[in-house]
Every structure is written in structure tokens, then in C-alpha cells.
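Structure provided below as C-alpha cells; questions to follow.
To keep things simple, chains are lettered A, B, C and D as they appear, and every chain counts its residues starting from 1.
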Amino acid sequence: MGVEEIPKETLLEMYKKMHKIRTYEETLAKWYYEGKTPLFDISAGPIPGELHLSPGQESAAVGMCIHLKDEDAVIGTHRAHHFAIAKGVDLKRMTAEIFGKATGLSGGKGGHMHLFDASKNFSCSGIVGASFPQAVGVGIAAKLKGENYVAVAVGGDGAANQGTFHEALNLAALWKLPVIFLIEDNGWAISVPKDKSTAVAKNSERAKAYGIPGVSVDGADVIAVYEVAKEAVERARRGEGPSLIEVRVYRLRGHFEGDPQAYRPKEDFELAKEKDPLLNFEKLLLEKGITTEEELNRIKEENEKEVQEIIDFAVKSPYPEPEEALKGVFAGGE
Amino acid sequence: MPVEEISKEELLWMYETMVRIRVHEERVAELFAQGKIPGFVHLYVGEEAVAVGVMANLRKDDYITSTHRGHGHYISKGGDIKASMAELFGKKTGSGKGKGGSMHIADLDVGELGANGMVGGGIPHAVGAGLGIKLNGLDRVAVAFFGDGASNQQNFHEGINLAAIWKLPVVFVCENNQYQISLPYDKQQTIKSVAERGKAYGIPGVSVDGQDVLAVYEVAKEAIERARRGEGPTLIEAKTYRFRGHFEGDPQVYRSKEEIEWWKKNKDPIKLFEQKLLEKGIVTKEELNAIWDKVKKEIEEAVKFAEESPWPSKEEVLEDVFSTPTKGVLVWQW
Amino acid sequence: MAVVREITFAQALNEALDYEMSKDPKVVVMGEDVGVYGGIYGVTAGLYDKYGPERVRDTPIAESGFIGTAVGAAATGLLRPVVELMFIDFLGVTFDQLYNQAAKMRYMFGGKAKISMVLRTTCGAGFSAAAQHSQSLHALFSHVPGLKVVMPSTPYDAKGLLISSIEDDDPVIFIEHKGLYAIKGEVPEEPYSIPLGEADVKREGKDITIVATAAMVHKSLEVAEKLEKEGVSVEVVDPRTIVPLDVDTIINSIKKTGKLVVVDEGYPRASFASDIAALAASKAFDSLKAPVKIVTPPATPVPFSPALESEWIPSTEKIEKAVREVL
Amino acid sequence: MTRKLPMYKAISEAIAQEMERDEGIFVMGEDIGVYGGIFGATNGLLEKFGPERIRDTPISESAFIGAALGAASKGMRPIVELMFVDFFGVAMDQIYNHIAKAHYMSGGQVKMPVVIMTAIGGGYSDAAQHSQCLYGLFAHVPGLKIVIPSNSYDAKGLMISAIRDDNPVMYFFHKGLMGLGWMPSPDEATVEVPEEPYTIPIGEAKVVKEGSDITIATISRMVYEALWAAEELEKEGISAEIIDLRTLVPLDKETLIGSVKKTGRLLVVDEDYMSYGMSGEIISTVVERIGNELKALPRRIAYPDVPVPYSRALEKYVLPDKEKIMETVKEMI
């Protein structure tokens, strides 16, 4: 399948989302450093706490989520903004959440690593590898209810060495559940390179341990991701069980904002630029004559404007009342 | 492996050790039924060839980690049978001074790092022993024994991956007795053999008939030699069968009497080995009978020792929690 | 002559690790990002360059695997591992290896095993790290028998206690509050050890006792200082180790003052704070002149928003209020 | 209609009746199918509901407990069995970092109607990794309701409440109360149980015996040790009031404090470890509020801080029992 076989509006939608992610993340980064200098203080400024951004990894999110509907579930990791955006999470409320505001998705109780949007069946977690079993549960629900939604569990290459990966893949394979395990391989578990943490070169090889299909795909090419994801989603919807997809991507920024990245060789940064999925996609769209510079510029402007509005909303929103901290542990008002 | 390639001494050690395990376990079953041994016991009858075939290749200074079904490993690694029998009785002279019982028998002097009540719990311990061996520049080996059920548990995945990336001298032996308590193997996972999972860690995976002690001996020999040469871990699956229930008292509603009888009749590892030894004229029936007599006497002595041993005194219950004397209160008694 | 300088809590820990590694080749450091990175908090900085990748081992994200590895390595007696669990919040993926394995092996094997290992980990809220990266879960480790649990509050204590912990033959959970890494204090250059199980009276007083741990020690001291101006004399006791617990020092202090406030950052139920309160009631019943007060966060997960989190963490205001109520 | 039912049948009956009512309920765990649960809590369910809703799992506790979260997020009401509570260490993250917190972290968007049922308790030489109670540890982390019935009537009513609750409930059954043929259980635990479904509110303690001299607050199997002790003490003229707390979170502080106010004395009897657990919590709950109204120092009998020893001789010495309770009560009065 080539890019020609994908409708133009789908391609432009993908481009728009990828560009929006990039614009959003870079804008957020600027806001993050507000008030944190001269001495870096992680808890200061308008965006408190840790921040893990996704530039360079947009293709994994967009290539996958373009095939998903609202009722399909995506369970992300600590680095989940790109998936949230690709899944259609309300960005104003998500951003307000990241700013710790009352208007946030969770009223400021969850924050950047714990984004929940029940209407979009999106959630994420700060614990590495936690998503895999949870997606299995969504798969069971689909099966028991006789509905054909699918669940996507996202994990990094580091997460693939965590016990939950093993347990969950086995369970999903055994029960033939509609689950897609998506390993975003950015080559680094924080500072530990993949070859020092993972005994196989490609995590897709591990599918053999569970008797399910495993594919590794170059994340520099969003069309390649699109194709692989399409097949996995269709397979899951047909009731044929889970798939394991490894998307090889490059982190354009540090593990978290403030990460000095001293551990990362220079070549890796250069490769990251070369493998930038957004630039590659832009080039492809223009080369193939699918779109024009003007059209893309219009999209870019729209995104920039939207992101600005989103940030404004978050900034202007009020903080929650402190007593809210004591509420909402249990459903039913306890 | 052809019997001719193994010395008679070694063959007789294997035979005698298998018999020792068998006689021990059947005697323990009686004692348990008589109420002399409390708690739960998980017996190794039917699986003797696995422990013995592996252990024939190990030295006293090598390490093993065991499971809840650990008597066979303990005995074949050279653990003191009087001490373990006394432990089963809960006596002061027991290997754990009456504090551990069947699931927690250990003999650190012979490198038996302990049975384990937690499924998969001992796997990373063998990895740790392997790391200790490597960093101390020793030529020892660590072997982790575990069941088919454990191969779906987190520690299997995390432990083997670590041993593989660090090229540690560890051999992973999965005793696939085909039931995870009541759940048959094909309802635990979708692949034919646990050995296939070696691929997920880039290490050799071998499946072997666990009822054939010489076959086990051969694959274990190769894996252990490989480990000693510093070439890293191997995963072995030994297909076996437990002749008794998961624990004594198990009603075994999940499998048929016929199935059990078939295995006892056709796949008894001791009978099979005996036939081979006799056919090849390596031993005489008299020699073998003498072994049974000797072993029975030995086990009776152990039982007598256990029966005559004193109970631990009550105050001992508070001892041995910690080893380093410290100020402050370590063990509460209000 | 002893050289004493001002260094940070993180540097003090680093010195302790460096000293132990230089002294005993069996000591190895393992964990996520402890190598080239030098630890997310910089505690293992420089060790990788000095001792190499074999003894300063970066691990995959497989806590049950590498912590279990440490347990096994310790059981053989071939190594004395010091492993780092990046956040105490991650204990859930590896708890079995700690409370069912490391903690119990010696007892179950009749006193024959020595599990000489240290698990270093971090705790503490205040950084908008939300519900999975901010907890203080020392009570969970302290509830199960067989683990020693250490929680230093000053750079001096940190160095001396870490040296003792590494030299201890039992499994030690060494908990470092993230909010303390940057604080400075006087620390001798030479190695020294502080025995586990010895509380430290951080400030003497006669009207009321505050028992506080880790970062809460400093908040309690602030309150004590403020109240002194009003003529109230507050004694602040830092147990330093939760297990073993220096019961005598705590009880003697309560007997002296007759009043007790416990301040802790752990959750309130079935906790350090409630246990100390019960201890006071059981051991110093006749000396108590007022009901005991505990100051802890509420029984809710840690909220993300700074507006909520600042309400959640025990503040000096709340400590002061509790002290005034008991007085 | 009522009949005497052992606790294991009361539990499985509760689950069966709820499963008939609500198709969203399903059960996962090890050996819960053909085997009916090692301790019988899922007895007969496979035959009634089939393997899709009664799912035997591989030994992958983290995966199937995590799966309960995923299923709950899609509106299902999963029940999972963790065979022994001692095994929680391999799955704790999914329990306390995810299931317990999802409602709060999501700002109330997600509900977690998950029941995690698990076996607790020792006394039968199962040693250090199969005999613990550990409910104190779960009570420590916010977001979980902690239910611990002591008889078959409570077991059924509390199980139905647990299933209908929109929050995660940890449901602990003591092996020595289940009424299994192969493990002794006090006769008193097997009581009349109505056939029809009924609920017992979570968070209500029960005064199982009224008295005036001392309050014994306890839970699970220790309720009977306390009752047997109280019977003996009665003969000596000491009147003990016994409170079966039944749930630790939420804790029925009103009943507890009301009773201690009346008797002026408090003894807590707990089979969980002594330190940083339930016993300290109950005492501090009381002393913080009415410390100055007590006539004697509050005491606790709990498991000393040692792993559970295997040998009968040793285990009996440390397990709280009737004799230890009587002795302590006499010291207090």
C-alpha cells in the first residue's frame, strides 16, 4: 500500500494532528520553563512537576489512532500527549489539567502523567508497563459484551522488559482479545540504551513467545505506521486476536524537560533530526504533489492559533479550591 | 545421550538419587496422611529425572533455586535429608529450625538457595547468584527451577532478560508438568513449548523429554558447559508429569484417573531408566535392589531422627528475623 | 584532624557509597540510570567512572527482576548489592521480592541466610509529581517483619546511616526524601557510622514532644523555633530508623513532656503515626496529660495541582495548630 | 427461607445471584473454574456461567488484576480472586497505584467497581508465604474499601454489597472460617443464611456480645477467640463487649468509640502483624479522641513482628488466641 491509496483528507488530517502535536509540545515546553529559573525548581512555574514531551514520536500516535473510534481505548504512558491529541482528547481541558487548574480533565488531581478522558476512552499512567494489563481488561469487556472495539496499550522500549508486558501479552494471546500492544521504541529507557536493557534487537521478535504477529516499523515514515496499525486494528476487530507492533522512533527532546542528556551520543541527536516524522511527511506530501505549501501553511496557522487559545484557556482558568484535595477518593461522595 | 558415554558411577548416582527422591516423597505422603507432617506438601513423584539429570552436571559450589515442589531439587543437590525431614515435622533440628517447612527448605552449604512458596520467586535469585559468580570471576553456574505456570509470571520475563543481556552463567529449567494446579498447559499459553520463548531473549531454548533422565542429562550438560564457558544463559523445558496431586489432598477433579495411570505405567522415569540399565547390562537387578534397600533404610533413619527430635522452644519464635544485632526494638511484643 | 564541611544530603549519600565501594569489592550498585546518568537525583554521580559498568550497573526497567537479582546475589554471600528503586511508589511491581523473599529468607531458613542488601529509594511530595511519584510508603515496609527501614533527615545522618546500612547483614530499606537532597549540612569528610535504631533528639524541650520523620523533622523544628518565642519549649525527636525503633528515647521524651504530636508524611491509616500514638498510649499511659495528635496527609491519593497538593502535605501551620491543641 | 451454609458456599451463592442479576459481572483468577477456587469461593460457578464469565487464568496476577481495571473502565464489574493474599506483592502496583487511585486521579470520571477477594490467615502450618493477613497494609493506602467477614451470613451480605459498590473493594476471607471439609473452622462461623440476596452495609461494625467492663475490638477469625475468652471471663465475673469491626475502611468509629466510652477499656485483637497496622490504628483512633476517658492503658494482641513460623509449636505460640486474650483482659481489669 502506498500513500496514493490513502484519501487526501485522511492524509491531511494526519498531517494536521502531527503538526498540532509538535506545536503543542513545543509551546508547552516554553511555558514549562517559566518561573523555573535561575535554579531549576521542578515544582515552580505555571506547569509544575515532571514533563515528558513527545516530539519525534508523533507518527506512532497518529499512525495508530487514525484507525480508532471514540469507543476504542488507548492507554498511554508517562509520555502520552501525542496519543491524547491523536485520540481526540479535549485539549483545553487536558492543558488545564497539566497546569493544575480546576477546569482540567480531572480538576487538577491527575496531572500530566495521569490524563483521563472517559468520553474518548483515553487514560495513561506514570508506572512503566502498567498499560498492558489494563488494555487486556478492555479486550475482555469487548469480548464479553460482544462489541467490536479494540484496546491499544502503549509502552516504551523500556516497558517491554517489565513483567506486565509478558503477562499481558500471554493473556491476550491465550484469550484472543482485541488488543494491540504498541511499543514505541525510542531507543532509551531514560539513560539506558536499548541494547543494554533488551536481550533482543527488535521487540517484535517477542511476539513469537506468545504465538501472535509481531511487526517492527520505521517511525520516520508515518505511512508505514499507518499500514501496520491498520492491519492490526482490522485483525483485532475481526476477532483474530492481538498483535505486537514496534514503532522505531527518535526522541527529539530529553526524557523529561530538564534532562541534560549527557548520556546521549551526538549521532543520536543527528539521527533524530534525520528521522523526524513530521518533516519527512511534509516532504512526502509535497513531493507526491498531494498538497501544496500554501495548504500546509494554512494548517500550520490554524494549529498555532488553536494551541494559543488552548494555552490561554489553561492560563486563565482558576486553581481548584484546596479542600477539593480531600474529595473524590470514593465514588458515591465518600 | 547413549549410556555408554557416561561412567557407571555416575549412572548409579543418578539411579540412586531418583530412587531416594521417590522413596522420600512416598514416605512423606504417608506421614502427611497420618497427620505427622502439617501444612501443605507438594511432592515430586514422577518428575525425578528432571532434577537428577540436571544436578548430575552440577558441583557442590554451584547454585540452584527451587520451587514449592522442591524436595527433589534439595535431595539431588545434596541437601541433608535428616535436616529436611525434621523440618517437615517442624522440629528444632530441621533445616529451618521448624520455621520454614516444606515450601522453604534450603541448604546453603550445598548451594541450595531455597525452595520458594511464590511462583517464579526464585528465578531472579538465580540471576543474582549468576551475577555474583561473574563479578567474582568464578566458574560456577546457577540453575533456576520453576514450573510451567511460572513461565507466565513477571519474574520469568524480567529474570531471563537480565541474564541474557548480562550474559550470566544461569540455566533456566522449566519443569513443565502440564498443570498449573488445575489449569492444563494449553489453557495457559498458545505456544507448543516454553522453550520457544528463548527467542524472546535471544538465547537458546531446548525442549526435552523430562521422563528420560539421560535426555535431560544431555541438554543440561550442554547448557551448563555453555554457561561455564561464559556464553550466557539457556532456557530448557523438560516435559514431565506429576504422579500425585498438586498438593497432598488435591481431589484432582481436573484430570482423569486414566491419564494419571497411563503416565505411571508408560512414563515412569525410574522404570524407564532401570529398563535401559538392565538392557544394556550395566547393572544387575540385585545391584538395583540393594540401592532400594539402602535408600529405604536411609529414609527411615531420617524419619526416626525427625520423630525423636525435640520441638523448638516457644521463645525461638522470635529469633532469626534479623542477623545483625541492633539497638532499638526490632521484634515487637507489647 | 577531622575535616567537616557543608555538603548536600545527596553528596553525603554519594560519599557513603563511594567509601563502601572503595572498601569492599563485594559492594555493587544497581538500578535504573545509576550509571552514566549518575542517578536521577545525582546520588550515584561519579561512581560509574570510578568503579566501571560491572559494579555500577544500569538495569532495564524490570524492578522485580533486578531487585530479585540483588536478593539472590546477597544470599550467596558473593555480593553486597545496593539497589536503587527510583521512586518508592514503584514498590508495587517488586514488592514480593522484598517482603516475601528478602525479608523472610533468614527466618524461614532457620537463621542460615544473610541477606546483606540495601534498597535505596525516594519518597515525598511537593513537586506536583501526583499520585504515583509522591508517596511516602515506609509504613508498608515497616508493617512486614524482616526489613530494617531507615529514613534520615539531615546530610550528617544520611551518610552515617547509609554506611551502617551497607555494612548491616540484613535487608535495609533506605528511604530518601526528595525534598532533602539539596539541603546542606555539616558532614565530616571521614567515614563514620550511626547505629540503626538510635533516635536523635533534634531539639530538646520540656513542654511537648514532636516525633517526626524525614522532611517533617525540619517543619517541626521550624514550628518549635516559632513557639519558643512564646515561651513554649518543644522537643523534636527524629527516630531516624522506623525499624528498629528506638522506643526508649521516644517514651522517655513523652514521660518528660507528657504531651505528644506525631508528624509524618505517610498516609494516616494503619501508619507510622498511628502506631507511635498507640505506642505512647500503651507505654506512657500514665504520663500522658492530653490526647495524642497526629499530623499526616489525608487518606487520599496525592493530588497533582499545586493548589491541592499544598493542602495535602502536612504544613507548619497544621503542625503548629496540632501542638497548640495538645498544649 | 434460610439454611445453614458454610462461608465458602455463602460467598459463591452471593456471586452467583449477582451474576444472574447483572451480566456485567464476571470472575477471573487461578483455579476458580473446574476447581471451584482452592478455598471454594467460586464453587459451582463454572457450571452455571461457563468459561467466558468464569475465567481461569495463567499465573499472571499483575495481568489479570490489571485487566480488571480495564474491564471496569468499560462498565464491567469484575471480581478477581488472588489465591492467597501473600501473593499480592507481584500485583500490588495494579492494586494500589491504579485500581485504588483511578477514580481520584481522573477527577471522578472513572468508576472502579472491582472486587478483589483473597484468602488470609494461618494456624495450619502453611508458613511465612501462605499464612499472612496483611489487610492492615491495604488499609494504609487510600482508595480501597476493606471488608473482612467472620461468618457466612455476613459473608454473603457483604459480598453482595461489595459487588454492588462502585468502588474497589478488597474482600478478605479467612481460610479457617470457610467451613471447608479439609480445614477446621469454628462451628459458629457456619450460620443460617437467607436464600434470597441481601446486603450488609460496608462500614458497619457489629457488637457480637454486649458487656460493660472492657471492649474487645477484633475482626475475622479472632472474633471467635474473643468470644470463647469472653465466655470464660463471664464465669469469673468479667463482662467483655466484643465488636466485630467487619470492615476496616470505612471504619465504624461511632460503634467503636461508643463502646469504649461505655467500658473505659480497650483491647484490640488482630491476626495481622503488630507494627504499623490495624491494631495501632484502632488504638490511636480511640486515644486521639477519648484518650483521657480511658480507665486503663489500651492494649493489643497481634502477630508479633516475625514471619509466620511453620512448626505447630512455634505457630501456636505467636498466634493470638483465647488464652492470650483472657490473660490480657485480666491484667487490664
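Going forward, contacts are C-beta pairs under 8 Å (C-beta built on N, C-alpha and C of every residue); 3 or more make two chains touch, one makes a residue touch a chain.
Nothing here was measured: the structure is a model prediction, and the numbers come from that model.
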| item | value |
| --- | --- |
| B-D or C-D, whichever has more C-beta pairs in contact | C-D |
| Whole-Å gap separating subunit B and subunit D, where each centre is the average of the chain's CA atoms | 35 |
| Distance from the mean Cα position of subunit D to that of subunit C, given in whole angstrom | 31 |
| Interchain centroid distance [CA atoms averaged], subunit A/subunit B, Å | 45 |
| Distance between the centres, which are taken as Cα means, of subunit C and subunit B, whole angstrom | 39 |
| Touching two or more other chains - residues of subunit D | 57-58, 60-62, 86-87, 89-90, 93-94, 97, 104-105, 127-129, 142-143, 275, 299-300, 305-307, 309-310 |
| Touching two or more other chains - residue numbers and ranges from subunit A | 104, 106-110, 114, 125, 127, 161-164, 166-167, 170, 174, 196-198, 328-329 |
| Sites on subunit C at which at least two other chains make contact | 59-60, 62-65, 89-90, 92-93, 96-97, 100, 104, 107-108, 130-132, 145-146, 243, 282, 298-301, 303-304 |
| Chain contact topology (line, ring, star, complete or other) | complete |
| Touching residues (chain side subunit C, partner subunit B) in the complex | 28, 54-55, 57, 59-60, 62-79, 81, 93, 96-97, 100-101, 104-114, 145-146, 148, 168-170, 195-199, 241, 243-247, 282 |
| Contact set on subunit B toward subunit C in their complex | 63, 65, 87, 94-100, 104, 106, 108, 113-114, 116-118, 121-129, 131-133, 135-136, 138, 142, 154-155, 157-159, 161-162, 165-166, 319-324, 326-331, 334 |
| Residue ranges of subunit C touching subunit A (in the complex, touch as defined) | 32-33, 35-37, 40, 58-65, 89-90, 92-93, 126-133, 298-301, 303-312 |
| Subunit D contact footprint on subunit B (complex, rising order) | 38-40, 87, 90-91, 94, 96, 98-104, 116-120, 149-150, 152-155, 180-183, 187-189, 249, 253-254, 311-312, 314, 316-318, 321, 330-334 |
| Residues of subunit A touching subunit C in the complex | 42-43, 48-50, 97, 100-101, 104, 106-114, 125-129, 158-159, 161-164, 189-192, 196-198, 262-263, 319-326, 328-329 |
